[in-house]
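Below: one structure in structure tokens.
Just so it is clear, A, B and C label the chains in written order, and each chain counts residues from 1 on its own.
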Amino acid sequence: MLKINTVSKHFGGVKAVDNLDLQVESGEIYGLIGPNGSGKSTLVNVVCGVLKPTAGDVIFEGRSMAGQTPSTRLRNGIARTFQNIRLFGGLTVWQNLWVARNSTEDIRSQSILRRWLGSGTALKKEIETMLEFSNLADKADVLASNLAFGEQRRLELARAVAAKPRLLLLDEPAAGMNQAEVAELEQRIRSLREQGITILLVEHVMQLVMGVTDRIAVLNFGSKIAEGSPNDIQENTAVQEAYLGHSDQG
Amino acid sequence: MDYYLNLINTIGIHTLLGLSAYLLLLTGQVSLAQAGFFGIGAYTAAIVTVIFEWSILSAIGAAMLVSGGVAFLVGFPALRVRGLMLVVATLAFSEFARMFFYNLKWRVVRDGAEIGPDGTMGFAEIRYFNNNGWLNWEVTIFLWVFVAVVMALIWWSDQTRIGAVLRAVGEDELAANSTGINVTVVKVAAMTAGGIVAGLAGSLYAHQVTDLDHHTFTVLLATFAIAYPILGGLSNVFGTLIAVLFIQGLLVEGLRFLGDWRMLLFGALIIVAMNIKPLGLFDNQTIRILRKALGVKRQRDSV
Amino acid sequence: MEDFWYEVVEVSQSIADGLLFGSTYALIGIGFTLIFGAMGKLNMAYAAAALGGAYAGLAGFVLIKAPLVLVFGISAIATAALGYAIYFTCFRFIPVNNHLASLMASVGALFFIDEVVVHVTRGSPLTFPSMFGDVYFELGPYGIRGDLVFVFIIGLISTGVLLYILFRTRLGLATRAVAQQDIAARLCGIGVHSTNSVTFAIAGVLGGIAGAMTAAAVGVLSPVMTVPLTVKGIIVAVIGGLGSIPGAIIAGLFVGGFENVILYFRGIDERDMYVVALLFVFLVFRPNGLFGTAITRD
């Protein structure tokens, strides 16, 4: 579904992403891990259109995404969450979802006026369902900036899902969460997959990555050093070296 | 009586100016261009009634069209500059417009007298209301109908998705873009709408004051325009109205006894206000508190 | 044929005169750019303070018959004091990332200073002693105005002293450190507030000199000069690249020359329109100016 074709992203002399080849199959939950600075977030930004690749191409559902802005890519089915939550703080929870729920086929087929006004009971029901799913139903009128940290993360996820994407990129969604919250997140990711969404999960929290992904790729200094199932990766010495800097005594 | 009518007219016109800047501020664009759009509206409307001798409504319509059109064109290069640089660019635009009108000469002879904009001498004899027998209070009502309509329109759009989208862009453009909002369309639309409202204000101003001088359309006016929504806060349109009432009513007119020292006080007050409440007088916290106290209906119930 | 050469001489004369006068714009531009470089904010009252200082210098001349050097000195000190006052009231207490509030506050300061000047002078323009106004060199077909040369030389000296302070003294080092990384600078024990106020004061000294220079070259001081000077100063800073001193210098000279050529061809009424249009062109096509550092400070 998503093909990252020998993508490179250089910032001056720094090779944040270096000739990376990656493929995510439809319906997968694909993990991306690596030490800090290995290029994970840069890659996410390239896939989503925030950064332009220095070389290489991002192919989604058979079509190249070259030159497309983030909002166009969203319309084509790619959504993302941000590592450092970027909610619309001055808008309420409801409004955050309201604003995001605008780019899918069924909405776009409505008349322009309906879309702009965002009115209609169908839309209202949909947003309510999303709020239920994210456990935020009672916080609908709270300003996003006033939410607790865990609630903000849930809203960030809900907002990305609001656009009914087919591919969802999660950028370190578990950062700062306690064990209970991570378990909850794991559940939520699984049910998203059941809804038919393919997921690319960038993460540091191993509990989550090992628990929920089908396959994992490991990055270091912008290139892929390993790829395989969670078990394979755990046993892989190159990966251990990358993280720990020396081989384990065992 | 006339004195008070004049004051009410000024408040109305400045409210429109403030709302014009308000729309842009919502999307995060700090614009000093409103004075320029205001001037364009004023001169266009005056030319329509004085030189073409058409009705006031067509003059207003023409003013809104021309100002809106220019604003639309300004909107695109404005996308390339951010923050402070946008302030500088819009300031430059307003100055350019002012200098343009300073040089504009279009004299026509009517009934033996010369009329029309006369370059540095300004544009006098905009006598539509007088010539057509409008009474002063009728002009005031006419003017305020427009103000009320614009306020209602903006208030209403704030209850719909339009308002949320505008504010989302103002909050975080990157997030807005990644959430599927076409930020370009939103920002240019806001600039255009701001231009239309400012043009409307200008057209009303020209006919109310009957005499245009390029000295009106300066940085000072642009600053007033942006000061109103900043002081009044961006939560809703009434903040802007209250700010206009406060500044025009209290400061400019109420302190008339201070004579020319008013401007000193005005300058000092701006400084004080910015230090104490940099987010405006009616920011989100105040509004939310008021809402709770008054038990105002929540937004989504109106969907 | 002779007419063509005549034109060439006239135009190049305009350019030359403009370049000399442009040194005043360069100084004002440096002032704006210094403050932007240090704090990322725009001080809209800067040109007003510069002219305010010039008025103070004029007062010195009128009241105590101060000699030339003292007039410039008084202007410099007066503007430095004004600069510090503006820093204290409009920048010091407002949160670092709130550019808008400081901008608005400095606009308030602009109104304030302007009004004080209007009141004190009752709004009428005052003659400023022109320095070396009657000196006039001839160089072939060109005439060189002594007062413009004088102004240019003062500009050169001031810039030289400024660069010396910035790059060869500890004060200058601290200023540059704060400009680049104010949190790290604080951790190194550099007082950000005191450094910033010094930056404002230094910019003020330049501004006062520039204000006096402008008044001397034009021969007149009047409150209506405030807005055009503000606009031109900002334009110069932008074209040169906000935060870049060499940029401001080159841009100032360029704008001076450009403006004068336009004056020659299109007259005074249209002259400023072209300068503003020039700003537009730069903002749209080269928003970083000639030597811009980071522009995205929003």
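Note that a contact is a pair of C-beta atoms (placed from the backbone, for glycine too) under 8 Å apart; a residue touches a chain by one contact, two chains touch by 3 or more.
Note that the structure is predicted; figures quoted are calculated from it, not measured.
Both chain B and chain C are touched by no common chain. Ranking all chains by how far their C-alpha centres lie from the centre of chain C, first place goes to A.
Rounded to a whole number, the gap between the C-alpha centres of chain B and chain C is 31 angstrom.
If each chain is reduced to the centroid of its CA atoms, chain A and chain C end up 50 Å from each other. Per-chain Cα centroids separate chain A from chain B by 42 Å.
By the touch criterion stated above, chain C contacts chain B in their complex at residues 36, 41-42, 89-90, 93-95, 98-105, 107-116, 118-119, 227, 230-231, 234-235, 238, 242, 269-270, 272-273, 276-277, 279-280, 283-284, 287, 295-298. Looking at the complex, you find that chain B touches chain C at residues 30, 77, 80-85, 87-89, 91-93, 95-96, 99-100, 102-103, 119-120, 218-220, 223, 226-227, 230, 260-261, 263-264, 266-271, 274-275, 278. The touching residues of chain B, counted against chain A in their complex, run 160-162, 164-165, 167-168, 170-172, 174-183, 284, 288, 298-300, 303. Chain A makes touch with chain B in their complex at residues 48, 50, 69-71, 74-75, 79-80, 82, 86-92, 94-96, 98-100, 102-103, 115-121, 123-124, 140-141, 143, 159-160, 163.
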